[in-house]
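There are two complexes below, and they share chain A, which is joined by chain B in the first and by chain C in the second.
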Partner chain A sequence: MLLNKMNPSIKALSILVSILLLSIFFDPVTPLLSFVLTIAITFILGKISFKNWILLFSPFLFMAIVYVWSSLMFPRVDPGDSIIWEWWFITITAEGFQRSISLGLRVLSFASLSLLFALTTNPINFLLSLMQQCRLSPKIAYSIMAGYQFLPLIKDEFEIIRSAHRIRGAGRTETFLDKIKQIKKYAIPLLASGIRKAERTAIAMESKGFTGDRNREFYKEISVSKRDWLLLCLLIFIVLVSAFTSHKLGYLTLYKGEL
Partner chain B sequence: MISQPSHPFFQVSNLTFRFDCDQDPVLKNITFEINENENLLVLGPSGSGKSTLAYCLNNLYPSSVDGIMKGYISYRGRALSSFEPGEVNRKIGLVMQDPDSQFCMLTAEEEVAFVLENIQFPRLKMVERIDYVLDLVDMLPLKHRLIHTLSGGQKQKLAIACALAMEPELLILDEPTANLDPASGFELVQTLKKLKNTHSFSVLVIEHNLDNWLDIVDRCIILNSEGELFFNGPPNICFADFAKELASEGIWLPRTIDAGIKLREAGLLKNSSLPMTINEIIENSKDIRRTIEFLSTNVRKQMVNPSPSIFEVEDISYSKDNQLIIQDISLSLNAGEFIAIAGANGSGKTTFSKCLAGLIPSRGEIKLYGHSLEDWHEEQKWRRLGYVFQNPEHQFITDSVIEEINYSLQAKEKGSQVYKSKEILKTLRMAKQVFSHPFSLSQGQKRRLSVAVMLVNGQEVLIMDEPTFGQDAITSREIIDFAVKAVPETGSIIMITHDMDLIDRYADKVLVLEKGKMIFYEPPGKLWNQTEILARANLRLPFLRELEMHVEGRYAVK
Partner chain C sequence: MLANWKLREVVVLSVLAVVFGVIYLLFLQIGNVLVGMFGLIGYDLIFGIWFIVSIIAAYIIRKPGAAVLSETIAATIEVMLGNAVGPRLILAGIIQGLGAEAAFAATKWKNYSTWVLVAAGMGSSITSFIWGYFLGGFAALSPGYVTAMFFVRLASGAILAGLLGKYISDSLAKTGALNSFPLGKEARKAKQNDDISA
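Take a look at the complex of A and B:
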């Protein structure tokens, strides 16, 4: 049972359901537990490099810290809240503290679920699966694919134009105005060739007999197996177990529009 | 091996096509037919509407460009416009001119699969078919490579594989060999020949390199620069009777015909009919030795005395994504030398030239005029070194021809500018286009301008990446002549090319690359005897050498 080989559409559905379920609860324990369990599943069942994961996870971590920090510093103080610490204009209440931690952990648990999907899914397979399982129109799916393979081409083209300009001595930029002028000089040939390329690619696709007809044969069949549904159950189970544990510990609260 | 044409299945009558109602038509009143299992060659100067004709046949125009089409094209007796979208496309394989923008998938395998999916090919047989067509063009080892990492020639091969995968009834090839190395270009024609033994299909080819195609072409169509049909008939009549007209329009002639015209003018032929094959030249020559001597006269004189060195290259390597693209190349390049870089598609020619110019960082040491490339001040370096990219449009940075030239001059001096730019315009023969936008120039003018802006400051070293690719005969000659004249005698030209005749005629030395390694770096005269190196690097003999070989072989038999 390898996450990378799961059906991308079902995987996306599982992630979506888990996130929706998680958002019902608003306490620190539920997201913490599901965060830890999601990471465990990511690394046990998925074939991904830890480096990549950390790299993509760090912005979310930073975001979570900023959330916690700001809601700690500027809390909503309701009458009857128990004050833990007070200094000058900073008032930290037990309720506020719990809320901000919950919020931070919520961000992290959502992030871990999204990364589980993003790092174990091939975008081409995802599009194929959307066409085969979710009846996405091939016209849209193949346009996205054509656009996707354009990205490295545009990068190559940019490199060429940049070195061509360097050779002509146009690479020097001193003032801010120069820089803006230079962007224009890069952008016009890049856009011109981009439009031309897109047009040609569209013609090429048509010449290869592509019509956007939904009824087409697929070289790579993206199948759905019992294991895919098992994954859906597993992820829902994780959220429920986390919520249940939280309830046993007496922390569980439902989200009532705080913050 | 000429296949027997049967009845017509494509009929074009009075076709006129324009992109916009207030523009001149690109194609005017064209009438012709394509027979089943026939091989058709379409000739015409650049801008004569050859590609447009191909798109019209494929039902892509006028619908995808909102063009205006008059006249009638029918496929098996039914008007093209009455077919469902995609219905005719599945019977026609099209290989487009630009190798960069005809793919929509990531890997070679997926791209071929995309075509098969479109024609509802049974899934279980797909793997077999994909491997089969990739093998036809020698691309099977690159099946899983990302398309954008392939070289220009490899992309072209993949496009051909995609077209063949459909098993089309008509295969339209728009300059299919422009980016291919000489051997691959030859093999493509052989492959098609072989396929035609087992399958019946027609081929319509638009091509500059005619020599490979001559023995399979059944009929020629010539379009003139106005977009009118000028000739429609068998190839021997086409080249025998219209060679002069073709040459004056800038259309490439088969090399035998080209040589034949010159020989006829010099009175070296026994009769006035032009030779189609090398053997015909030999049979038709009054004195074969004089013929060879005559044809060799305009070969550029080789440098004799050794001159100071310009480039000293030591153990250069370059790798990308953990793949070695250039491996341990060491060489030196002297003043006055014309160096050609040749090699199979994807052997690292462009990469090596970029290393030389310091456009990409490489391991090892490159010395330009005795100083390490890294020590050069950018501005100083580009005043002595010019680099011309494959696509001239990449190099233009201003809005008019005169501004382009002035821009390059600016860095150097201010006073004599006006005088100097006039001189340059004169040599460019572009006095009328002074204020035109560089993008609006013709192909040949763009090329000349792109070379000129690299040389106006008296640059001594010029590196050019396939400057004659996709150009008509006149333009190609102009570019090379212009570059040779403009680079001072103490300078040097380094040129990447697949054109063996060009190498034979101009180069002092040929650098042959194979998978990023240098396997030959000597005068071309020595290369032509090294059959093993020629085969390894996918090169072929230039025309003159081939002629000599034929003569020698003949004498040996006698």
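Take a look at the complex of A and C:
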């Protein structure tokens, strides 16, 4: 059972289901436990480098800190909350503090699930799987692939425009307003040539007999096996075990639809 | 939904989504800087930029589904490029796109004037905020702060998605690249009328 070889659509579905389940819980213990368990699963079942994981994870750590301090600065204060610290306009209550920490941990638990997907999934296989398992129209899927292949071309074109500007002495920017205008000078030609290229690509696809018909064969078949569904069960199980443990410890809090 | 879409339109839609998918990722960095300075509301200041492809695609192609499809594809591209937010971004893309689509649907996909584009940007603001409220657990924040976040995002959607989207599309139409699309045809007709009256 290797995560890298699992069906991308089912993997995506499993992660979405777990994230939705996790967002029902409002206590710190549930996300913390599922964060730890998800990381364990990622490294036991997935073939990924630890360095890459840390690199992609660090922005989420930053985001979690932002969540915590925003909710500490501007907390919801319900009547009956016990105030532990008060200074100028900042009021920190025990309940508010716990909620802030759980928000931060929620970001981290989402991140661990997302990384499980991002680091073990090949993008083209993901599209093929969406087409073969989720009935995504080939018209859309192959258009996305065509567009995806344009990225390096667009980068080359950007270099050409920059050189052209430089050679004519038009590349200099001094004020902030100049910089904004500069963006337009790059963006519009890049978009225009992208659209022209897209039209040519569409003609090429049609001339080679691409109809976008759903009844087609695939060079690469992406299959679904029992192991894929096992992953779905495993991820849901992780959330439920975390919530159950949290309940045993007396922390479990559900989102009650507060506005 | 795709039955009356030409392949040409779908590919152009995808390319727009690809370009803006990359831009969306860049703006995530800008958002992180703003968030560092202002707290969570920092994202809301520039949130509108993340809806812009809906407005541009719908304004150029003018077919039902353009707004939601382009936003969903842009989100998919972000995931394909290795954005660590993962598959949940695609769901967010669908939800944002639906907000914009609702505004176009309300005019039966016939009216593409400025105020409809602005309303579409605001529509995305509303749906994305509801989604963010649930997923981000905004209920833990003070109601005053959440209200401020909402209105900042609404304004951002109106300006950065609605108005900026219209401006970019109109500039594109002037290059002639959109001549085979409704917006390009409209722009050419307007220009001919100007020439005749001049």
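As a working rule, the second predicted complex is superposed on the first by the 221 of 259 C-alpha atoms of A that agree within 3 Å, B and C clash if a C-alpha of one lies under 4 Å from a C-alpha of the other, contacts with A are read in each partner's own complex, and residues count from 1 in each chain.
Here, a residue touches a chain if its C-beta (ideal position, glycine included) is under 8 Å from a C-beta of that chain, and two chains touch if they have at least 3 such contacts.
Computed from a predicted structure; not experimentally measured.
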| item | value |
| --- | --- |
| Superposed model, chain A: greater residue contact from chain B or chain C | C |
| Touched partner set for A:210, first chain B, second chain C, both or neither | both |
| A:174 touches, of chain B and chain C: first, second, both or neither? | neither |
| Partner chain in contact with A:185 - chain B first, chain C second, else both or neither | first |
| Which of chain B and chain C A:118 touches, first, second, both or neither | second |
| Partner chain(s) touched by A:78 [first = chain B, second = chain C, both, neither] | neither |
| First, second, both or neither for A:153, with chain B first and chain C second | first |
| Which superposed partner A:161 touches (first chain B, second chain C, both, neither) | first |
| Partner chain(s) touched by A:221 [first = chain B, second = chain C, both, neither] | first |
| Chain B and chain C contact sites that coincide on chain A, given as residue numbers | 146, 148, 189, 192-193, 196-199, 201-203, 205-206, 210 |
| Chain A - residues contacting chain C, complex | 12-13, 15-16, 19, 23, 26, 56-57, 59-60, 62-63, 66-67, 69-71, 73-77, 96, 99-100, 102-103, 106, 110-111, 113-115, 117-118, 123, 126-127, 137, 139-140, 143-144, 146-148, 150-151, 154, 184, 187-199, 201-203, 205-206, 210, 212, 255, 258-259 |
| Touching residues on chain C, where the partner in the complex is chain A | 2, 5-8, 10-19, 22, 32, 35-36, 39-42, 69, 73, 76-77, 79-88, 90-91, 134-137, 139-145, 168, 171-172, 175-178, 180 |
| Complex contact set, residues of chain B against chain A | 55, 58, 60, 64, 84-86, 89-90, 92, 94, 96, 98, 100-106, 110, 113-123, 126, 146-148, 162, 166, 354, 357, 359, 378-379, 382, 386-387, 389, 391, 393-397, 407-408, 411, 439, 453-454 |
| Touching residues on chain A, where the partner in the complex is chain B | 124, 142, 145-146, 148-149, 152-153, 156, 160-161, 163-171, 185, 189, 192-193, 196-211, 213, 216-221 |
